[in-house]
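Chain lettering (A, B, C, D, E, F and G) follows the sequence in which the chains are written, and residue indices restart at 1 in each chain.
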Amino acid sequence: MSALLWNLVLALLWGAVQDDMSLGTLAIGFVLGLVLLAFISPQPGPSPYARKWLDILKLLGLFVREVITTNWRLALEIATPGIKSRPAIYAFETEARTELEVTLLLLIINFTPGSLGLEISEDGKVLYIHNMFTTTREAFIRNMRENVERPLLRVLR
Amino acid sequence: MREVITAVFLGVGALAMLLAGLGMVRLPDLFLRLQATAKAATLGVGGLLCAAAVNTGSLGGVAHALLTVLFLFAITPVATLLIARAAFHAGVPLWKKTGENDLAEKYRAEARPPSADSLIDGQ
Amino acid sequence: METGLILAVGMLYAAAIYCMLRRSTVRLSLGLVLLGSATNLALFTTNKVTRSGPPLLPKDGMLAGPVADPVPQAFILTAIVINFGMLALLLVLVHLAERTVGSDEMKHLNTEVPPPSVPHE
Amino acid sequence: MNSVVLRAVARTMTPVLLQLSLVLLVRGHNAPGGGFVGGLMTSAALILYLIAYGTGTVRRLVRVSPLKLMAMGLVVTLGTAALPLVTGQPFLRSAWTELALPWGGHLALGTPMLFDVGVYLVVVGATLGFILALAEGEGSEGGRKEDL
Amino acid sequence: MKNLLILPVLIPLAAAALSLLLPARAGLRRALALGATAALTGVAAGLLSTVWHQGVQVLRVGGWEAPVGITLAADLLSAMMVLLSGTMSFLCVVYSAGSLEARQEAGAHYPLVLVMLAGVCGSFLTADLFNLFVWFELMLVASFVLLALEAERERLEACLKYMTLSLLGSALFLIALALLYAVGGSLNLADLAQRLPGTRQPPLATAAAMLLLAVFGLKAAAFPFSFWLPAAYHTPPVAVTALFSAMLTKVGVYALYRTFPLLFAGDLGLTQPVILAMAVLSMGAGVTGAVVQYDVRRLLAFEIISQVGYLLVGLGLSTRAALAAAIAYWVHYVCAKSALFFVTGAVERVTGTHQLEKMGGLSRTHPLLGLLFLVPALSLAGIPPFSGFFAKMALLRAALRAESWGVAAAGAAVGLLTLYILMKVWREVFWKTPPQEARGSPGSLAVLGPCVVLALVMVGLGLGAQPLFVLSDAAAGQLLDRDTYIHAVLGGGP
Amino acid sequence: MSGWFEALLRGVLTVLGASALLTLVRLIIGPTLPDRVVALDLIALQMVGGIAVYAMLTHEPGLLNVALVLAIISSLGTIAIARYLFQGGKGEP
Amino acid sequence: MALLAILLTGFVVAPLAPLLVRVSRRGASVSLGLVPLGLTVWLASLVPQALSGTPPSFHLPWVPGLEVALTLRADGLSLLMALLITGMGTLVVLYAGAYLQEDPRLGSFLGWLLCFMASMLGLVLADNALLLFICWELTTVSSFFLIGHDSHQEEARQAAMRALVVTALGGQALLLGLLLMGWVAGTLTLSELPTAGPALREGPLALAIVLLVLAGAFTKSAQVPFHFWLPSAMAAPTPASAYLHAATMVKAGVYLLARLSPVLGGTPVWQGALVSVGLVTMVGGALLAFAHTDLKQILAYATVSVLGTLVLLLGLGTPGAAQALVVFLTAHALYKGALFLVAGAVDHAVGTRELPLLGGLRKAMPFTAAAAGLAALSMAGLPPLWGFIGKELVYGAAGHAPGGWGLALGAAAGFTLLVGSALRVGLLPFFGPRSERGQKAHEGSPALWGPPLVLALGAVGLGLVPGWIQPLLEGAASAIAGPGDKPLELALWHGLTPALGLSAVSLALGITAYTQRERLRRALVSLRLERWGPSRLYTLGLAGLRRCADVLTEQFQSGSLHRYTFLTVAVTAGLLALPLLFRMGVPEGLKRTLHLHEAAVLALLVLATALAVRTRSVLTAIMALSVVGLTESFVYVLLGAPDLALTQVVVQTLTVILFALVFSRFPVKPTGGRSRLQDAALSLAAGGLISWALLHASALPPQTRLADAYTSRSEPEAHGRNVVNTIIVDFRALDTLGETAVLATASLGVYLLFRPSRRRKPA
């Protein structure tokens, strides 16, 4: 977290010395700071801070891919006659533990087109997910696990 | 240039919104329609707001647009959970072609709250 | 827009009055909400400056073009808030009335009985 | 256990909303906003909290009872309004001062802003009063726990 | 000291806010209310004297000139009404102290009364129509709560009905304001008065006048708009009812008096006959309704409608004599009606009921109560030498001289019926052999004191009627002298 | 502002309007209350989008503020409805 | 000044009466009796001056703006009446002290009696018409309390109400009449009115004035058809009856007519009304007296008859008639007062006033019997009593009038019947066998038999020595009809005149009527006059009023909020339609451009509203309302009002939350659809009218004066760029102040109504 703060301070410094606090200037400052912080590391390879950013980028990538494909399918579904999808509701045992993790997981799941969290069990371990374009239960759970849950938890932990 | 980027965002947003509207009419059950709004609308509003953010270019504009998207992102799932749960309790039927339903198992054990009857609202 | 809006306002009034005439406290409160909306819009249509920008002055210098009349806006702002307060009060009354007589129908609450015809000179 | 999500969202979003409401209050004199909307937004933020955590928590959070908040607001508006009477000025006459900011520029401060703060307090107190009264009424009747 | 004009609003409002901030103790709230109403009465007396000596007084709130800012203006009528409200509210507070339970006193009764008072005084003093709307609403909301306070079934019913019609009235009020703003470009009374005559669309102004007539008629409980009143007035404690009768309906009448001579004086032909018709219908409908009432408070409530009719006669005729008579009638009537409510309250405390059938024999057991009832009752019926006689006679005289024979005849006939009704009450309450033994006591000095004071006022205004008529005549003169008011409100800088 | 861009903005507004009317159809036909709530939520979002577009059309970035508040508040309304109206004051959600 | 003192004394002493009674029951009436006695003496001392041509007068302004003044004037007529009032008053007060000795409310009775006396004095001494009216109304009020003295009896209460309603009805008419007179004549001073006589008699309002004044006088003086209140007023204690209903109050009407004779008299309407009504009343009253057996009832009807005679005399309007009037008036006061007091004494002694139950009391009650006999002879018009002189003058006046002897014959018919009544009242209780009820009867205290005896002896004395009162009577008569062409001749013997012949005949016939009294009575009773009489009319009138009130209440105050709302809207719409539909055409210059997205917004608004109205489910309606609210705020965005949009959207959502909170708690049944069509029609009409008005408003040229002022001054003077905000927190901050108070009060109300203690209240 402190690294992020440093990054922000660097961005502000960048803007302040140029006497230009506009959004573009600050953004450039932030990216430069990020690059700096990514390389200032005692260990070899990318710093933990940079790794975090990479994880986030990866998550985003997966996410965007998912958004595009399923939205496309959704669009086709709505725009063409007849409904071809066969929805189902699956219980999904999550590995997320903390409140924040569960919440964020759910947010991500919901933002993923085609799947929608409908309920969480009382102990918070099982998510019930409505899925629009499923083939099998196994395929769905695998997809959730690998393309949504793991990348998210990697970012968070 | 800025107008072109804006136009792209606008196009995506408008299309998503239109789809959401169509979906509301066309999709056969509540949960599918929930899907449509939760995604298409978020995408649509996101697109339109991003267009506005790009178009104005001011910090305030961007902040407003981002804040709005962020908030919607955070709050919509919560609403979805509450509505879905209420719908189940009320016995809102699923589309007949829906496949497996794990939630039905869960709810079978629970008693349906009596007050929920009033929710079924045949006009 | 203006003309269409005015016609819509008339329709809103009709709807509001119709709701208020429905003999149910709940409908009555719905009617009052509609009445508030209708009235606000009616105030809004009074002066013929429409589709102009908001009455916000730019940071430096004067206005570029015409702006909407701020006066009805100030009135409506006041009216909205007052209406909201009244509505909250009304809802509580409706609720208490329902609690007391077990119905939202006005007639069940009625205690204004016809006067007794006592033969007095 | 949906409340997990609700609470998490409420906890993160309420401060944002409160901040936003203050923005609306402060800049109302120059941009859309002002005491009313600011106050209403504050109440909205607290309602989100209420939905997630129940009325008791909101009461604890606000500390002052809505009724007192309202009365305080009234006293502020009335006081601001009556202040000019002391100097024989007309009621509600506004007074302005320009405050030079250390980083340059200046900030106009005036009694209308204080007046708006009074309005803000009244609105927060009043709307919160409505909601709390009704929500607590609901809680006590169904005999259910206050928190979700 | 122009700021004198804001004090009648500020004092009660500040006292209300303070009593909510301070601990909820009966004594504290009572003291605050007593102090505030007494101070208000003093201020009002000062205001009246200032207006009498120096003419129309004006306060440009915030220092903004009309019509940019809101202007408060006090002519004789406003000042008289403020003084009357102050006095009545003081007496009502005293009466409350004697008749309410400590629980009620420690509750919101006093703050609500004060808020209502602020709304009433604001309505009397403002020279801006939208501001009038705001004060109306303030007064209304306080009265709604006062009416519903204990949430018993009857009170809920009464409040729901009152509230529905009132809120309908508020909506109509705003439509009227919208039309007036469209026609005149302002809602300042003086500014509008100046601009309306030259407007391009006079019928639209007349439409606004008609709406205002309905709105103010609704507040005033003039006949076809009076339904809420008998439904509402018999449920709350007497202290509240008396206050309502002294203020609520009167504000409606005042608004008519304020606006019509000023704004629609040239409009003619249409509003005047409508007002007269309303006046006569109110007189008749109210008194006829009262004939069959056996709930004493409901009976008095019906009576209010007919008395409002008398007040409207002045406006309907709009001659100086008629206006003066109506204003004098107004003062008399507020005192008489409040006194009647107070006394019936004491009677209810004795008999434990407000049903006429269940009362009786009080002239033998409580002769003082009898006397205290008789004075306002006879006064209200226009029996000499009490205040009501001169007021009613002046009104009839003005009606005759305006050659409104029907109005004069109606006035006389309704006077007769009023006498019949009130003496019916007398017969039932004070003469009839009581069907059940009355055990209660009429109450302390705080209950009887206001009755005595008002009885003395009525005798005083009868035997010494001249000053009241001089004052009313001057007030009527000011009402008809539009230019002075317009000039005072618009003229000059702050 | 170029002509095509303004035309596009108006077109988008019209699309949003059409979409909102479609959504209103769902609100009207229901058949269940949750269906209607979902439709209402969507209409609010369409208006948020509409405001954003209108802000561009009129060069009033200040309107984005309204869009933000509308988005926040309408979601809050949906939650409150779901929470209070559906639960009927009973049971734990 | 003396006059003022005389007037005020009674009013000042009256409230002291209850206190005095509390001090000493026996002494009170004696000491109070000194007051009228003293006034009598005082008044008597004014007689010379009164007759001198410049009568004593007094003037004090009271309410100049209304022409009300304390103007007093004591001419002959006034003084004669005043002396009657105080003289009778003295005796009645003394009598009442004894008569009501056991009554716990003697004090209040004496108080009202004195109050009445003072009012009556004021009435006759007033020279200002409105002062006269004030006293007139005061007599009405005090008589109400005197009649209703025995308030535990339903009969007394009803009688009091009757008298009040009838006389107050006349009072209202009189007031209107007097006000009209004052307007036409330009003065309300009675002594100045005759100069305006022509204007009053011939102006366009003459008829109205005469009819209104007559209505007042006829009700007060119990003329047919208003006479019925008088017999029922016999429920009053006898002293009150003697005083009010024989000697004084009922004469007020006659006095008024006499007073106004010089002003309004002489016109055909006046004469015709007075003569005809007087004649009918005279004969009718005398006839009805025979139908009754209760002493007081007989006397009451006989009084009605005499009042008719007096009115008839006024109608004749000649100086001779006026002379007859004053003589006959005094005669009647003396004998009728005496007879009433006798009736009271008998009642007091025997416990009944029913003739069949009375008889043979002359030995047990010799003084009373003597008083009764003398008074009855005076009433029967036998010489040498005062009544005889009066009657002769009446015949004479009638004979000399334009109507001629027809009138005299009519009068004779009346007198004939009166003779019969006089004999019944004066003889029957005292002669014949002693009745069972009267076995233990004995003479009461001197205060019970003294006053009637004094009055009866007065009748004898005046008859024998009429000279000393002649100047006063002449003065009184000339105040009515001007100085006569021949002086008043008060003698027992005028020679063999036609009048004497008539007297003899009527006496003979009267005695016959007396002997045939039972047959006559039965005949009258079998006619069942009360079924058709005005008394019945009065009852029917009240019932009609009640019925009318019932219907009105059912129709308008039915308790149905639906009806209240419906009527309110309908009336308002009607009012609005007057200018809108009849004075305005189609608005011109409306803006008709409508973009597609705007059309969509309006469609949304309209459809959502329609849904809110149409749906049977309240929850759906709430959803629809939300859409309406959202659309509204979008309209604000479109039309340049972001502040409104913000506020509306937040308020709208909070409203929905409130609805959700409230309606989550009770199931709402779909409501029934009574009178849908009617309601829909009204709603559409109202909405249409409002639209119509707004369309016209929007067609007007824009008003930019205020808007320009605010936009140009907002930043430099109010230091804000958001003009709406500067308006609400600075330019028009007072609105905002009030508005926050509204919100706070509403919230306080919600809190109060919903606090925990209230919530747990069982249903």
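In this text, a contact is a pair of C-beta atoms (placed from the backbone, for glycine too) under 8 Å apart; a residue touches a chain by one contact, two chains touch by 3 or more.
Computed from a predicted structure; not experimentally measured.
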Shortest path length from chain A to chain E (each step joins two touching chains): 2
Chain whose average C-alpha position is farthest from chain G's own: A
Between chain E and chain F, centroid-to-centroid distance (C-alpha), Å: 48
Computed distance of Cα centres, chain G from chain B, in Å: 77
For chain A paired with chain B, centre-to-centre distance based on mean C-alpha positions, whole Å: 18
Chain A and chain G: spacing of chain centres that average the CA atoms, whole Å: 92
Residues of chain B whose C-beta touches two or more other chains: 22, 34, 42, 58, 67, 71, 74-78, 81-82, 84-85, 115, 118-119, 121, 123
Per-residue multi-chain contacts in chain F, two or more chains: 16, 18, 20-21, 30, 33, 36-37, 39, 60, 62, 65-66, 68-69, 72-73, 76, 79-80, 83-84, 87-91, 93
Contacts with 2+ other chains: residues of chain G: 161, 546, 549-550, 553, 557, 559, 561, 565, 569, 595, 599, 617, 619-620, 622, 638, 642-643, 645-647, 650-651, 653-654, 657-658, 661-665, 690, 694, 697-698, 700-701, 703-704, 706, 710, 721-722, 728, 730, 732-736, 739, 741-743, 745-750, 753-754, 758, 761
Residue ranges of chain G in contact with chain D within the complex: 642-643, 645-647, 650-651, 653-654, 657-658, 661-662, 664-665, 718-722, 725-726, 728-730, 733-734, 736-737, 740-741, 743-744, 746-748, 750-751, 754-756, 759-760
In the complex with chain C, residue positions of chain E that touch it: 130, 134, 137, 140-141, 144-145, 148, 151, 153-154, 156-157, 159-160, 163-164, 167-168, 170-171, 174-175, 177-179, 181-182, 230-231, 292-294, 357, 424
Sites on chain A touched by chain D in the complex: 99-100, 102-103, 106, 119-124
Residues on chain G engaged by chain E in the complex (per definition of touch): 61-66, 68, 104-105, 108, 130, 133-134, 137-138, 141, 144, 148, 151-152, 157, 160-161, 164-165, 168-169, 172-173, 175-176, 179-180, 182-183, 545-546, 548-550, 552-553, 556-557, 559, 561, 563-565, 567-569, 571-572, 575-576, 578-580, 583-584, 690, 693-694, 696-698, 700-701, 703-706, 709-710, 713, 730-735, 738-739, 741-742, 745-746, 748-749, 752-753, 758, 761
In the complex with chain B, residue positions of chain A that touch it: 21-23, 67, 70-71, 74-75, 78-79, 83, 85-91, 106-107, 109-111, 113-114, 116-121, 128, 130, 132, 134, 137
